[in-house]
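Labels run A, B, C and D following the written order; every chain starts at residue 1.
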Amino acid sequence: MAIRAAVAGASGYAGGELLRLLLAHPEVEIGTLTGNSNAGQPLAGLQPHLLPLAGRVLEPTTAEALAGHDVVFLALPHGQSAAVAEQLGDQVLVIDCGADFRLQDAADWEKFYGSPHAGTWPYGLPELPGARTALEGTKRIAVPGCYPTAVSLALFPAYAAGLLEPEAVIVAASGTSGAGKAPKPHLLGSEVMGSMSPYGVGGGHRHTPEMIQNLSAAAGERVSVSFTPTLAPMPRGILATCSATARPGVTGESLRAAYEKALRDEPFVTLLPEGQWPSTAAVHGSNAALLQVAHDEAAGRAIVISAIDNLTKGTAGGAVQSMNIALGLPEELGLSTIGVAP
Amino acid sequence: MAIRAAVAGASGYAGGELLRLLLAHPEVEIGTLTGNSNAGQPLAGLQPHLLPLAGRVLEPTTAEALAGHDVVFLALPHGQSAAVAEQLGDQVLVIDCGADFRLQDAADWEKFYGSPHAGTWPYGLPELPGARTALEGTKRIAVPGCYPTAVSLALFPAYAAGLLEPEAVIVAASGTSGAGKAPKPHLLGSEVMGSMSPYGVGGGHRHTPEMIQNLSAAAGERVSVSFTPTLAPMPRGILATCSATARPGVTGESLRAAYEKALRDEPFVTLLPEGQWPSTAAVHGSNAALLQVAHDEAAGRAIVISAIDNLTKGTAGGAVQSMNIALGLPEELGLSTIGVAP
Amino acid sequence: MAIRAAVAGASGYAGGELLRLLLAHPEVEIGTLTGNSNAGQPLAGLQPHLLPLAGRVLEPTTAEALAGHDVVFLALPHGQSAAVAEQLGDQVLVIDCGADFRLQDAADWEKFYGSPHAGTWPYGLPELPGARTALEGTKRIAVPGCYPTAVSLALFPAYAAGLLEPEAVIVAASGTSGAGKAPKPHLLGSEVMGSMSPYGVGGGHRHTPEMIQNLSAAAGERVSVSFTPTLAPMPRGILATCSATARPGVTGESLRAAYEKALRDEPFVTLLPEGQWPSTAAVHGSNAALLQVAHDEAAGRAIVISAIDNLTKGTAGGAVQSMNIALGLPEELGLSTIGVAP
Amino acid sequence: MAIRAAVAGASGYAGGELLRLLLAHPEVEIGTLTGNSNAGQPLAGLQPHLLPLAGRVLEPTTAEALAGHDVVFLALPHGQSAAVAEQLGDQVLVIDCGADFRLQDAADWEKFYGSPHAGTWPYGLPELPGARTALEGTKRIAVPGCYPTAVSLALFPAYAAGLLEPEAVIVAASGTSGAGKAPKPHLLGSEVMGSMSPYGVGGGHRHTPEMIQNLSAAAGERVSVSFTPTLAPMPRGILATCSATARPGVTGESLRAAYEKALRDEPFVTLLPEGQWPSTAAVHGSNAALLQVAHDEAAGRAIVISAIDNLTKGTAGGAVQSMNIALGLPEELGLSTIGVAP
């Protein structure tokens, strides 16, 4: 019997990617789709790549519209999820692609988001230590941010193995879909094509405390994070360059061994063969995360590169993967590690 | 029991797309993969987006390596398919993604390709009148060129309905993967990003006689084609702008009605709702062809726009669709009309 | 003594390109800059590439602010130029980069723009027959549209020489800056990168009557135009593919000869050597128009390709070139045929 | 009287950019142009954006062809400059855009380039402490690498002011022209569009010792550098994200003050106003370097972002700027801080 899934915020990029993946999921039947300013419009013009849903019309985002489903995905602006979730009741699986329930520390939340903390839900990054257990059978999932996904997958094996000093330096490049579909001048094609630019420099990006939370948990001590996001001239993809001072005795071999061990059974996270480096093209549209590690002896640092699709593994794919776990389905169901390239 | 499929030319773009689709095909098991200069190499470095095949090693392209399969896809340079096909015998389904067996007219072949004509195989564009019948049970399929796919799908309904004068003017923009993976200076990223440029102007492009063949068959009279291909700064996709003088009495309504009728039962070709126009982004990685029509009363012309993914519907997807028909499988098996966007 | 120039609409793409060129013009001193919603802001954040003007602050667009200059460039939304120009008086050179004064036929204007016709000014495409004479000493210049510039330069030599039937078919690809800087969803980088799409299909684009006007004048008879614009994934550039049925007796040689003759003394329009084709990359940031011609004997058509930078020769460069003529300066002053490539 | 300049390696990207800038230089006359595999070909097809030089034919790269000029620019593969320079004699100004004479430490050279060290020439990054003095009147100039230009400009003010610990972490994104014009599969447009990927990770990139050399000189102590270059889907531009632990007592204000002081009189390096961040688009084709700084208190690090055009300030513009100094011309002659955007 099919799992009925609703998507709130179906006209945005996260919503569109959720629908793309749910259409390919053998156990899911797509139910209600909602929007705000686009309510009443057919999906044809809003998501022209989703032909099988072209005739679907968006309803307003209300608890009534979202009732009667087994799973409700929320792809809403920050701060709107708590009220909707509460009305849906605790028997429906609610999967929030927004930030509202990601952080454990209320002070962090208030500092970075400027509103009262709504709470903390099981965190939808199954690869982190202990995460799968927390997701099994849960009715509430907080899907990680796209950058924290890329960065946490890159660094948790080394921190969990005690190989790195607790000061990580991260520079990540993201495709423009990470900035959403609301039209703003700096996101125009004319502005972004041919251009790289940073934003949120100096510790201000909201994904920073989420990275600190994940890496600190893996390390068993407080990890500081210097995070610089940059906007790259591509629609999708995150390439994260992560490094930290290697602890005494760490070698290229011991570094690599830690990743091989930590990732041995992971279906979606792959340490590439030596000499091959991740690219965002290779994970375009796929739920895979590609990793490669290097030990720079001269600089005394370990460098880990990860590539994900910000909309797939970084958002909608991670959400579906976590849904599978919560519902007791095979974790890989409906998901793929095959990219669309070139 | 699975259909065993081999791919000759697995390191190129057509080969990679074939593998991407075959991996998702529920009835196909991927057998031997071959290459020429890349024989002996693992697929990991050549097609890094195909993670499930990363460990596969390319064999040299020989009849021995390709023997023992139910289906052999040939993604070889022009002129190499005939010899391979002959050695494979007539009990194996051979699907040629090259040009060798597309043209019916030997003189056309010799004029445009400069070598003796190898013959004509059933043509793998199932939507053309009579094409499905020719494909059922066949052991040989000539996969159409990418441009002829986009153009023939755009214009055959109007020509078959007798609405257009037999002089078509086509301007098409293609992503760079259409030019293949062999490195040439004008295909460098530095050259193509930010640039549009034409090539093969004035009737010289090899796909021209193939378009003429298809449109003339649909029209029941010789159709002349003025075809100008252009290289666009994107990896995938073809946008074809096709027009011809409308015959007396043709209106916007009669034009649209002809397309609705011709495409009513087509799973992969969609006439968009009025007011919505095709884009290559909407078919990225999908087997769909999107069409829209307009009647320019002042200029007296019908304009038809089509968008396809050159590697999917334009090559590998069309090949798999035709394979399904030849083998008696459901035509849509393993194929999708869902694009990866944005 | 320097020519003082003001730019109204300095925060947009046309305004920015005017300033880029005027900064390099040896006889021009840049005076007042105005904006509407951006009035009061420094140029630093609006046009970050114009470092020498970073400290300039935009004033509101009023006749008072624009008074006291020798030249006023108007880069305003359609319909706003007439009122401003009237207040500036007839001793100042007013150069309108908008559409308001381009069309001679009031009915055409009203049909395509939906408002009363404001009049017709000398047309700033100096290469057209008779255009330079009309520009000499004028105090009013209507700068052509970007598409009409590309198309008129491509086809006027052949029409003036009587080589083509009066039915032109044009398909042009434009960079996204042609659509302006106002943020709209379909112009987001996420939407345009990797995508080609048409718009204004079927005769509806406002530049169509302007092309008809120019080509008809060159031909000495009414020329119909089927025009299809497409949006390409690049910030700048227009590639126009133009064709028409060749009249009896036309050959590749006679076609080429007509262009060589017509363009012999043109500083900014170049017929490329045989075998070399225009690309938009080659004219990036330059005032050059590159042309190439072909005669398709089988289809009976002449094909002419032109490439320009829509913001330079297509807007601001054409404006400065026309200003030079109007003021009696050397036509090439401050302009260049050198592109920024790759 | 004009300065006669020759360019060896005129068909490549560095050579083309040199010619673009020299064409705009009021004191320079362009003399002999040479190439290797392209010798005998006209420049029209090789550098189609340089219309004024379209008729020039490349000569083979020999001392005879390069004799008789005041300045000879070498844009040759690594290792070829020494032999040519020696034959040119010590009265001609030789400006090497290659790496051969950049490094002071022979062991570094041999380790990273694998050949005997040819020597050290005055270093063409005038903004570094003491660099201008060394360039005045010199007959030999080593033009810096593109990454070292971006990184050294970003960090020398802070290191010279003693604000940072001597361990810098650099992640930089470069446009594809930095990889040159020789066609390689991974540089195809199909591969790079839509993709970010790293290379030379872990300390192996040849520009690393050059950065260490420059930053150590500024700091007065050995600075270690962890450098990760990434390839971005754009033809031009470098965005460098540079950081280091801030020394005790450093604040955002003291950091900013150090840059304001160091850059006060620099014509080509600009610290942007607070709140504005560098982008590569803003320096497209310009000789400007844009900088912004931030102090991340939580992470204890100073972050400096710089943006340059890798071909202009990063190669050919830096070369012309240094030539101006060597010849006693105004340093800014023929160069511009105006970018071509969008």
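Just so we're on the same page, contacts are C-beta pairs under 8 Å (C-beta built on N, C-alpha and C of every residue); 3 or more make two chains touch, one makes a residue touch a chain.
The structure displayed is predicted, hence computed values, not measured ones.
Participant: Please identify the chain with the largest separation between its CA centroid and the CA centroid of chain A.
Facilitator: C
Participant: Where in A-D, A-C or B-D does the B-C interface recur, with over half of the contact pairs identical by residue number?
Facilitator: Duplicate interface of B-C: A-D.
Participant: Could you put a whole-Å number on the gap between the CA centroids of chain A and chain C?
Facilitator: The mean C-alpha positions of chain A and chain C differ by 45 Å.
Participant: For chain A and chain B, let me know how many angstrom lie between their CA-based centres, rounded off.
Facilitator: Distance between chain centres, rounded to whole Å: 35 Å.
Participant: Give me the residue numbers in chain C that touch at least two other chains, ranges are fine.
Facilitator: Chain C, residues with two or more chain partners: 13, 175, 177, 188, 190-191, 193-194, 233-236, 279, 281-282, 284, 342.
Participant: Taking the touch rule as given, give the residues of chain A at its contact with chain D in the complex, in rising order.
Facilitator: Residue list for chain A touching chain D: 167, 169, 171, 173, 175, 188, 190-191, 193-199, 201-203, 208, 224-226, 228, 230, 232-237, 239, 241, 243, 277-282, 284, 292, 294-301, 303, 305, 307, 342.
Participant: Could you list, by residue number, the parts of chain D that touch chain B in their complex?
Facilitator: The touching residues are 13, 175-177, 179, 181, 183-185, 187-194, 233-235.
Participant: In their shared complex, at which residues does chain A touch chain B?
Facilitator: For chain A paired with chain B, touching residues are 13, 16, 20, 23-24, 44-45, 47-52, 54, 177, 193-194, 235-236, 270, 272-273, 276, 279, 281-286, 288, 290, 336-342.
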